[in-house]
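Below, subunit A partners subunit B and then partners subunit C, in two separate complexes.
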Partner chain A sequence: MLHIVNKSPFERDAFTSCMAHAAADSTVLLIEDGVFAAMKGSTVADQLSKTKVVALQSDVAARGIEANLADGVEMVDYAGFVDLVTDNEKIQSWV
Partner chain B sequence: MKLSIQVNEGPYQHQCSDSAYNFTKAALEKGHEIFRVFFYHDGVNNGTRLASPPQDDRNVQQRWSDLAKEHEVDLVICVAAAQRRGIVDDGEAERNGKDATNIMDGFRISGLGQLIEAGIQSDRLVVFGG
Partner chain C sequence: MSEIKNFLYVNRKAPYGTVYALESLEVVLIGAAFDQDVSLIFMDDGVFQIKKDQNTEASGLKNFSPTYNALGDYDVNKIYVEKESLEARGMTIDDLMPLTYEDEDDDWAEKSSIRMVSADEIRDLMEESDVVLSF
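After this line comes the complex of A and B, so read on.
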């Protein structure tokens, strides 16, 4: 299953709620301000190891946080985003 | 694969309309079919033709319209959300006694059933914004 989070974890609790519900074999895709959840050393960083976390490359670059991503966070472009959608039968946007 | 998109935010409101557009474009480039893009809540504002953004900025409404024309994408605006926000086509102008229309070429106004149908007919429904 694919979970999509588009809000900063410091603005809404969507990321924390998502990580509480996501199964270990799920993928969590961070887009828009959601990519802030992928930074190392933040108050939500310890949640990143619960499941596979992927961040949208262009949104990470737009916010200048490429050098501050936590270990294990992968990046995808929009083509990779499309692949995640087609590879996962179920998709939940945590809007 | 057959995909549908739901857009819940207006253009220039946050980033959702851009994300949804970039995703739709990437999916088409990869050879997938976009069954429908459904504009809901403030997302209906993606369908006005009367916006004039600065020339050095992207024109979100025009961009959707061009994509629809090029790839025959069905762009559907929720009627109840459109009535609240003043997005008007010929039918709505007549029904509600309005003196003008503003719907962008390539968009159409219809009901929430179109979103349900998109969910049933498509392999995936991806929701943006909110």
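After this line comes the complex of A and C, so read on.
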């Protein structure tokens, strides 16, 4: 299952709730302000190890945090975004 | 006749996700033309507004972060950043753009506009200012 988070984890609880409910074999995709959840050493960084977490490269680059990403967080481009959507039967957006 | 007031702009939102950051920057630059005493606070997700290395090429968004470099030329050189907000996001002052101004009282020496402050110090800034504008 694919989970998509697009809100900052420091402003909304969408990311924290997503990580509390996502199955271990699911993938969490961070887009827009959701990419801030991937910051190394932040107050929510310890939640990143619960599932596979990927972040949209263009949103990471726009916010200047490419060098700040936690270990284990992979980046995908728009084509990778589409692959994730087509490869997963179910998608939940934590709007 | 005209009285100089202390204007405090409080920036708490990340850039790009909402329009608050860009709107604040535009209001600050407009206000700076009116000879007021201006201070900026970046706290909570607002610290991301002045994150270095912003590159919007692949996203198609407008990268307005270089405009913060112009603040010093408009005598906006009191830029307060909350320590606690940086720490919660795994960042230090080295993650921020080096915003500077030229000090006319010190032979135009280039100095940093950024002042790291605690939440307690921000409380005092808010209490001491004449006008608070929140974004």
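By our rule, the second predicted complex is superposed on the first by the 95 of 95 C-alpha atoms of A that agree within 3 Å, B and C clash if a C-alpha of one lies under 4 Å from a C-alpha of the other, contacts with A are read in each partner's own complex, and residues count from 1 in each chain.
Everything that follows uses one rule, which is that contacts are C-beta pairs under 8 Å (C-beta built on N, C-alpha and C of every residue); 3 or more make two chains touch, one makes a residue touch a chain.
What you see is a predicted model, and the numbers here were worked out from it, not measured in a lab.
Peer 1: Given the touch rule stated above, what does A:Glu66 touch, subunit B (first), subunit C (second), both, or neither?
Peer 2: A:Glu66 sits against subunit C, while subunit B stays out of touch.
Peer 1: With both structures fitted on chain A, tell me whether subunit B or subunit C touches more of subunit A's residues.
Peer 2: Counting contacted residues of subunit A, the larger count belongs to C.
Peer 1: State whether A:Ala45 touches subunit B only (first), subunit C only (second), both chains, or neither.
Peer 2: Touch status of A:Ala45: second partner only.
Peer 1: With both complexes overlaid on chain A, does A:Ile91 touch subunit B (first), subunit C (second), both or neither?
Peer 2: first
Peer 1: Just to be sure I read the superposition right, which of the two partners does A:Ala20 touch: subunit B = first, subunit C = second, or both, or neither?
Peer 2: A:Ala20: touches no partner chain.
Peer 1: Per the contact definition in the header, classify A:Val82: touching subunit B only (first), subunit C only (second), both, or neither.
Peer 2: The answer is first: A:Val82 touches subunit B but not subunit C.
Peer 1: Pick one for A:Glu32: touches subunit B only (first), subunit C only (second), both, or neither.
Peer 2: In the superposition, A:Glu32 touches subunit B and subunit C alike.
Peer 1: Once the two structures are superposed, pull the subunit A residues common to the subunit B and subunit C interfaces.
Peer 2: 32-33, 58-59, 77
Peer 1: Okay, in this complex, where on subunit A does subunit B touch?
Peer 2: 4, 6, 31-33, 58-59, 77-79, 81-83, 85-86, 91, 93, 95
Peer 1: Sort out for me which residues of subunit A touch subunit C in the complex.
Peer 2: 7-8, 10-11, 32-33, 36, 39-43, 45, 57-59, 61-68, 77
Peer 1: If you look only at subunit C, which of its residues touch subunit A in the complex?
Peer 2: My answer: residues 13-17, 44-45, 48, 51-61, 63, 65, 88-91, 95.
Peer 1: Please output the residues of subunit B touching subunit A within their complex, sorted ascending.
Peer 2: 1, 3, 8, 14-16, 19, 22-23, 25-27, 29-30, 32, 123-130
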